[in-house]
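Here the chain labels run A, B and C in written order, and each chain numbers its own residues starting at 1.
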């Protein structure tokens, strides 16, 4: 992920505009919307995912569009109910990780000096310690539950956000309008609330999206290992049971393919949403669209040197 | 040089943090840590054995700071305690046998993935809007959105179970004799192919995108414009001027992602029943084998820290600006 | 009259934005004679740097050359193929960038960058190229042992000198200096300009000297061209322009610099700000800020006309 350059329009408006303009961002938003809808309305429309409804490991049929699991449960029902669990946990962790990251990153970037030194070392240590082993070691001592998974993911995921938020705060702090506010005698709190944070909103949104992607993936990983509550239905536990019931070796692809596909689609959708923003912080990425069209209209193709494209033939 | 020493100091600090975390975790949980650790042994071992185990884990009645020092002393000697799942094997021996396989798969995958991803990223940035740039980055990012272990499952299912091109698990065939022979090496490679390929595929998109975006930035800088103005050949401009500079942030990012990639690699091993740390980890979790879990955590952490330090050395070599003063 | 080295006719350079093309150089016609120093003055955003890079055709997207002819040593630069351009670059036309800090590759040595330029155009063996690079550095006053230095190890002044050495590596016929001294302090600036002048006397190359510092340019150049809002508004011998500028903008620029000798005067800046090139004023682009403006100025853009031999100005009102 590239470090963000100080965005000219750092507010939410710029971000929303980017999403609307960029086809990819729009596609991502729609895909995400579909999943959110499923999470909200879906569980009411399907049956109990934990009830055995048929012979185990049946391939997809009209009665059970995604087949049955190793315990004879309806895979589709599991998937839909799991969507709510996995998405809500993912977003919750995403927000929390960015919140914690901001609580560390903003003071570090704003106050500098010893505060920065201490906070930066702390976040760098957490950044370099490998996430999954750390998560496992902590989660293993705690009771298996979504709260454990969430806590552990926040602990392993906040450091990256702290780093990004710190560098953004640093960049903003150096800008003229902040210096002017300092000289005018505004209090630190007011400066942070009024000058700095509003300009960081779009970066924070990007970070939440990125952290959510991480959270969903890591959550599924921990549950796959059996560290979540395996009696709850979520995408991760679906995969845990699939592996446990040796789905692969019995050819029961429908027990693991849908869950993984969901994780990938949601992750991809969120990434697409973020890529629209990429084009704002790195304007060079999007700049050339109009230029190429201009050249094409005059029958010229872009080469390495400045092209010559006259209006009249 | 001062730079490397400073980095080493930082890694030592991180290692200390990990070690200290390991020490405090069992003691922070409610109840007697010994109970947590030895829960599974109730009724299986004699009281003397349990006392011996206590001593081995440093859970004596001594004051906390003395326990801590004992613990550190043990660590320095390489004693990580005794495994519960593999009782009475010491943790260090259990881990040791598996470490090699993990490093082999993860190490190879990471190097191959970074190399290919970086080259593709350069090509993608240079020939923008070409067929390569239009489809490859997005497709690889999509593939990378799948959990590593899911890709492993899919690969195993299609290529191992379905097409039978690759073996279904383990590091080498059951009937093969380990040794430094070509036949054995090939067997090992055949078994390692899918795990390595899975990790490569899962991470390729990330390296590609990062290199591509950095390249696009660098291609717009003044010194690249000057290089073009000097009439240098496109190959020279791309490689010696643009890529050489774009590599720096990419390599830095590589270091930061190592821990993450290693984690995913561990989960991949589980799917392939590959005898590495991942497999041990699952056993440890299943059996509540805390000493083994913590041992794996420490060993993996040290490996990642070591690899990060190597990356720092690489940066020193690549970027002349870091060679002078500590700025 | 010998054929000019560079002859620009009706050059138009646009930047294509989402809201349409913005013209940064508008129908420019200008000549540069062999061995002369032509100064190009104007505020930032007036199109000066665009012109420099347009000649070498190294303007990045979204720049487009929309019209005109640029004859250099008898060839039209706008009609050359990529390969021909690459040959011509640096051998015949070279450029010194504005901030040499960013224009030098940070990860290879300064010597290697000079050698790259030398060896890109002829199969010169490494040792010879290195020797020549050393000579070039000495020529601009840098010890040859600095060949193995990296750009971050050199001071700003030295980096600029490296830029000059680089530009002269293949003894081109035209050297473009784009704000070569903006990032330097006044003393170093003077030294460098004197060095360039000395080298020019020996090697005989023409210089296009782009800067916003009109006073410095008048001291240093033979002829001066003044740009305003993408258009050429005045061109002529430096001495003539210094003594009697004929365009209100040039007059305003000169008035803005306080005199060093003679009676004490105060600098008078030109009121207002340079116009946006996306939406320039109608007619004469300077009229909103011009003390002599009359209603006719808004209706028709004045053409350049000769006010004295070799001196042209685009204002019908000054006498």
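Heads up, the rule we're going with is that a residue touches a chain if its C-beta (ideal position, glycine included) is under 8 Å from a C-beta of that chain, and two chains touch if they have at least 3 such contacts.
What you see is a predicted model; the values in this text were computed from it and never measured.
Colleague: Of all the chains, which has the CA centre nearest the overall CA centre?
Modeller: Chain nearest the centroid of all protein C-alpha atoms: A.
Colleague: Would you indicate which pair of chains has the most C-beta pairs in contact?
Modeller: After counting contacts between each pair of chains, the winner is A-B.
Colleague: Please identify which chain has its centre, taken as the mean of its CA atoms, farthest from the centre of chain C.
Modeller: B
Colleague: Measuring centre to centre with CA averages, how many angstrom lie between chain B and chain C?
Modeller: Taking the average C-alpha coordinate of chain B and of chain C, the gap between them is 54 Å.
Colleague: Can you check how far apart chain A and chain B are, centre to centre, with Cα atoms defining each centre and the answer in Å?
Modeller: Those two chain centres are 22 Å apart.
Colleague: Hey, how far is the Cα centre of chain A from the one of chain C, in Å?
Modeller: So the centre of chain A lies 49 Å away from the centre of chain C.
Colleague: Residues of chain A touching 2+ other chains?
Modeller: In chain A, 288, 304-305 touch at least two other chains.
Colleague: Would you give the residues of chain C that are in contact with at least 2 other chains, written as numbers and ranges?
Modeller: Within chain C, residues 53, 58, 60, 85 contact more than one other chain.
Colleague: Which residues does chain B have that touch at least 2 chains other than itself?
Modeller: 220, 228, in rising order.
Colleague: Given the complex with chain A, which residues does chain B contribute to the contact?
Modeller: Residues of chain B touching chain A: 10-11, 13-14, 17-18, 21-22, 25-26, 28-29, 36, 128-129, 141-142, 145-150, 153-154, 156-157, 161, 168, 210, 213-214, 216-217, 220, 228, 234, 249, 253, 256, 258-260, 262-264, 266-267, 270-271, 281-282, 284-286, 288, 290, 293-294, 296-297, 300-301, 304-305, 308.
Colleague: So in the complex, the part of chain A that touches chain B is made up of which residues?
Modeller: Touching chain B from chain A are residues 1-3, 121, 124-125, 127-134, 136-138, 140-142, 213, 217, 220-221, 224-227, 239, 242-243, 248-249, 251, 253, 256-257, 259-261, 263-265, 267-268, 271, 278, 282, 284-285, 288, 292, 304-305.
Colleague: List the residues on chain B that touch chain C in their complex, please.
Modeller: Chain B reaches chain C through residues 220-223, 225-233, 236, 240-241, 244-245, 248, 318-321, 324.
Colleague: Where on chain A is chain C touching in the complex?
Modeller: Interface residues on the chain A side: 287-291, 294-295, 302-311.
Colleague: Mind listing the chain C positions that touch chain B in their complex?
Modeller: It comes out as residues 53, 56, 58, 60, 85-91, 94-95, 97-99, 102-108, 116-117, 120-121, 150, 152-153, 166.
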